[in-house]
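There are two complexes below, and they share chain A, which is joined by chain B in the first and by chain C in the second.
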Partner chain A sequence: MNARLLLILLLLPVVAFAAGHDTSVSDRDSLKIAALEALMSAPPEKALPLVDKVLAGNHSTEVKERALFILSQIDSSEAQATLLRFAREDSSELQLEAIRMVGIGGDEEALASLGDVYQAGNRDVKDAVLEAYLIADDARAIYDIAVNADNETDFSEAVDMLGAMGASSELRELRSQAGMSETLIDAYAVSGDSETLRELAMDSSDPDLQTKAIEALGIVGGEDVDNTLVEIYRSAQSDEVREAALTGMLISGHDSGVLELYRGATDPVQKRQLLEYLVMMDSEAIYDVIDQALAGDQ
Partner chain B sequence: MHFAKLLMFVLLACTLAWSESSAAELDGVSADGWHSWYVNAADGQQAQFYVLVENGRPVRIHSRNWNCQKPTREAIEDHGRVSAVESYAWFRTVVEDATVDEQIRDAALFGLVESGSDDAFDYIDRILSQR
Partner chain C sequence: MNDDIRKLVEAHEADVHRPPAHVVEQWHSAIDEAAALERGRQQQSWHPGSFFWGAAVTAALAIGIGIGFVLSGDNGVPTQGPMIANLEPSVKATPAAFTRGLAVHLRDSRQQIANLDDSTDRTMLVLQIIEQNRMFESAAKHNNAPKLARVLRAFEPVLLQLAASDIAPENAEALRAQLAFELNVMLTKLASESSDESHTT
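After this line comes the complex of A and B, so read on.
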């Protein structure tokens, strides 16, 4: 028999064993994870030593990550201290997961300690801290990060998170603390704060921010916003503001407002622009306009 | 001397009788239908368990601690108060029975821990210490 073939035949059981061994490792991890989860129903003094042992031992990342989750669910200062230790260890592959688990656990003291972790951390760590505050619904902590930010990235990431959380009062407060910016306007739009955006849309002191706010109103949408956008268009003193109002209506899909403005317009340039927007909006109203034009009404 | 020997036999007989009775506490749980028992844990808490057996295998496991209400309106065979060790032993049998659905075996791990015996935590430790 060919020696090479013989070698392969001899090695087959070894390969099969290795493959089987891999599967059993995975099954073993599943059992470990189930055992860890079961510890959630145990008294903290019984569960904690076992969870600590897993975190200190030689286990897969998946098993250790689940151990961190169990820690977050154990109501004891020791459990929170261990979580924070992992959250602070920047060499640990478990650091980001530990930070998120502090958010899931929701312990106020541990959450407050994440402020220092944020300051000392890189971008990944900072994002994980923001995520932890998001999970814990701690808008105040994110506000503190935004108001103390010493660079645009930190500020905008925090403000974006506040927008996603719908934290309108914190975002309004930031306006007086940090001044107005496009990042804040985006966040007002995402958080649905049409009141602040309407105020900014009427403020012509900074034309760029004004047009940005008008367009952002379209993201919020709704009947009141649609009526505001039509009014802004009608009372606009510049082409930029007029176009921003149209863009807002395009975003909110307020084609009936654009049609109304088209019918009321007398300036041919404005009429043409309004028609272009109706086309861009793929509005059914365009057929009414065509019918009326063919009938010689307009 | 005879009295001491007699006393030893009596004690041994009592121990055997007690352990037999203890081991038999949950023997009936293999019968189809709903079963229930409770354990008084060392911390004064009470864990109440409900198990549905079909074709001789557990298919649902509930604890009064996890689910506040009785899981069924059907008749339940009540096994009353059971020792933590016996309850642990029953759940361990389920955990180690490869023919039982994996979700039920996971639920049995919760029951095992909630039974509250030191054996249960040693058992969890052994699982977690596997290499």
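After this line comes the complex of A and C, so read on.
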């Protein structure tokens, strides 16, 4: 008999004991948690009834939360059904943790059912459902939440999550479904979608969103974006767009682009503004530039 | 441009994602060293240096997997499976080398989290763990291991809470206990699955 099997056999009675007795002693909890860990080596048909018993028993929230994690690792429809049952119980202390475990379990049916849990839940429950979809890498489910959102908070939380997941295609779809918004621009930036941002930066139909998109390009950064920002500055038709391009370069750290613009500028107001940005960016060339400005030769 | 870089660029341009043989060899050596180190750990008592060696080995493994990502897509963003998946393209099971590397990562994370205290720069250390965790999460996704990828992804929000500088000590302790349990369970599960495979083969 190998050592691991021996350990399981030794610890199984401890789990059974834990399942049938109430205790609030921390050492007892530690022993129960160690026993639950060991269950991971047991066959699912032996582990599942014991975990169910722990969840039904009078144990601490911590012990039950650990039991939920074990359930998430058991490949059986019964285990997933139990997780979903706890995820639906809005009065349970275990609800948020159970929702997370549905995400870890990854069962498609259980994940789909979280949509109803989201609709019925408070903000904490909604955030837990979004996190579960993040864990399950289910961008489509979050897209559905965003597109059906009936308030700004639900929409922006879902869009932020899509941005964190880098779900560019879902975010682009949202643009046509829900219209453009500052929340979406932030998400494009976080997801690194410079292509969409560049398109928005060139669109002057909504000046506020245009300047926001130009600044957001700076968050994405990179050589192509830096060149785009310099071009936007050069071709700008308004001070707002010009300043947004400078802010974009400040965010991306493209001081060589600002220096290039400074050296090429002829308008004293623009030159002063560019110098101010070079100072803010702590450019290495700033002392040469100051020296030349004081000498009056550029 | 030296020969190694030229070969990598040529392979990438030719859409061949298999890395040069010596890179694979180096990566496998890192795995073997990690395994040997782990065996040594089990036989010896803990000493302070082992924390740093563990972190270094995990970093070596992460870099090895990272090389696979660089080879598999533009700008380091993986567009196809990393090299470990491409070594045996016809096999759908999770590669054993990846599983061993992941076990080392989980053990090191467990040890690093257990050793966190207020005297160290906890935020920086946790952010390093998150960085490595992301690398292994991507690798799991590209190595036909979606279940492992989900668990690794689930660690990140917990780690981010732990990284917060204003977290109350009792909350930090609760998060550490949660992570320790979940890491232990995953290590047990990996060991169990690997044992089952060796018994059936």
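To be clear about the criterion, the second predicted complex is superposed on the first by the 271 of 298 C-alpha atoms of A that agree within 3 Å, B and C clash if a C-alpha of one lies under 4 Å from a C-alpha of the other, contacts with A are read in each partner's own complex, and residues count from 1 in each chain.
Here is the rule we use: a contact is a pair of C-beta atoms (placed from the backbone, for glycine too) under 8 Å apart; a residue touches a chain by one contact, two chains touch by 3 or more.
Please read these numbers as outputs of a predicted model, since none were measured by experiment.
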**OP:** Considering only touches as defined above, state whether A:R66 meets chain B (first), chain C (second), both or neither.
**Re:** second
**OP:** Could you look at A:A81 and tell me whether it touches chain B, chain C, both or neither (first, second, both, neither)?
**Re:** neither
**OP:** Have a look at where A:P43 lands relative to chain B and chain C in the superposition and call it first, second, both or neither.
**Re:** first
Original post:
After superposition on the shared chain, which partner residues are touched by A:D137: those of chain B (first), chain C (second), both, or neither?
Top reply: second
**OP:** Could you look at A:A35 and tell me whether it touches chain B, chain C, both or neither (first, second, both, neither)?
**Re:** first
**OP:** Considering only touches as defined above, state whether A:K53 meets chain B (first), chain C (second), both or neither.
**Re:** first
**OP:** Indicate the residue numbers of chain A shared between its chain B interface and its chain C interface, in ascending order.
**Re:** 36-38, 40-41
Original post:
For the complex, which residues does chain B have touching chain A?
Top reply: 43, 63, 65-66, 102, 105-106, 109-110, 112-114, 121, 124-125, 127-131
**OP:** Would you pull the chain A residues touching chain B in the complex into a rising list?
**Re:** 28, 30-32, 34-43, 46, 50, 53-54, 57-58
**OP:** Over in the complex, which chain C residues touch chain A? Could you list them?
**Re:** 141, 146-147, 149-151, 153-154, 157, 174, 177-178, 181-182, 184-186, 188-189, 191-192, 195
Original post:
Okay, in this complex, where on chain A does chain C touch?
Top reply: 4, 33, 36-38, 40-41, 62, 65-66, 69-70, 73, 100, 103-106, 131, 134-137
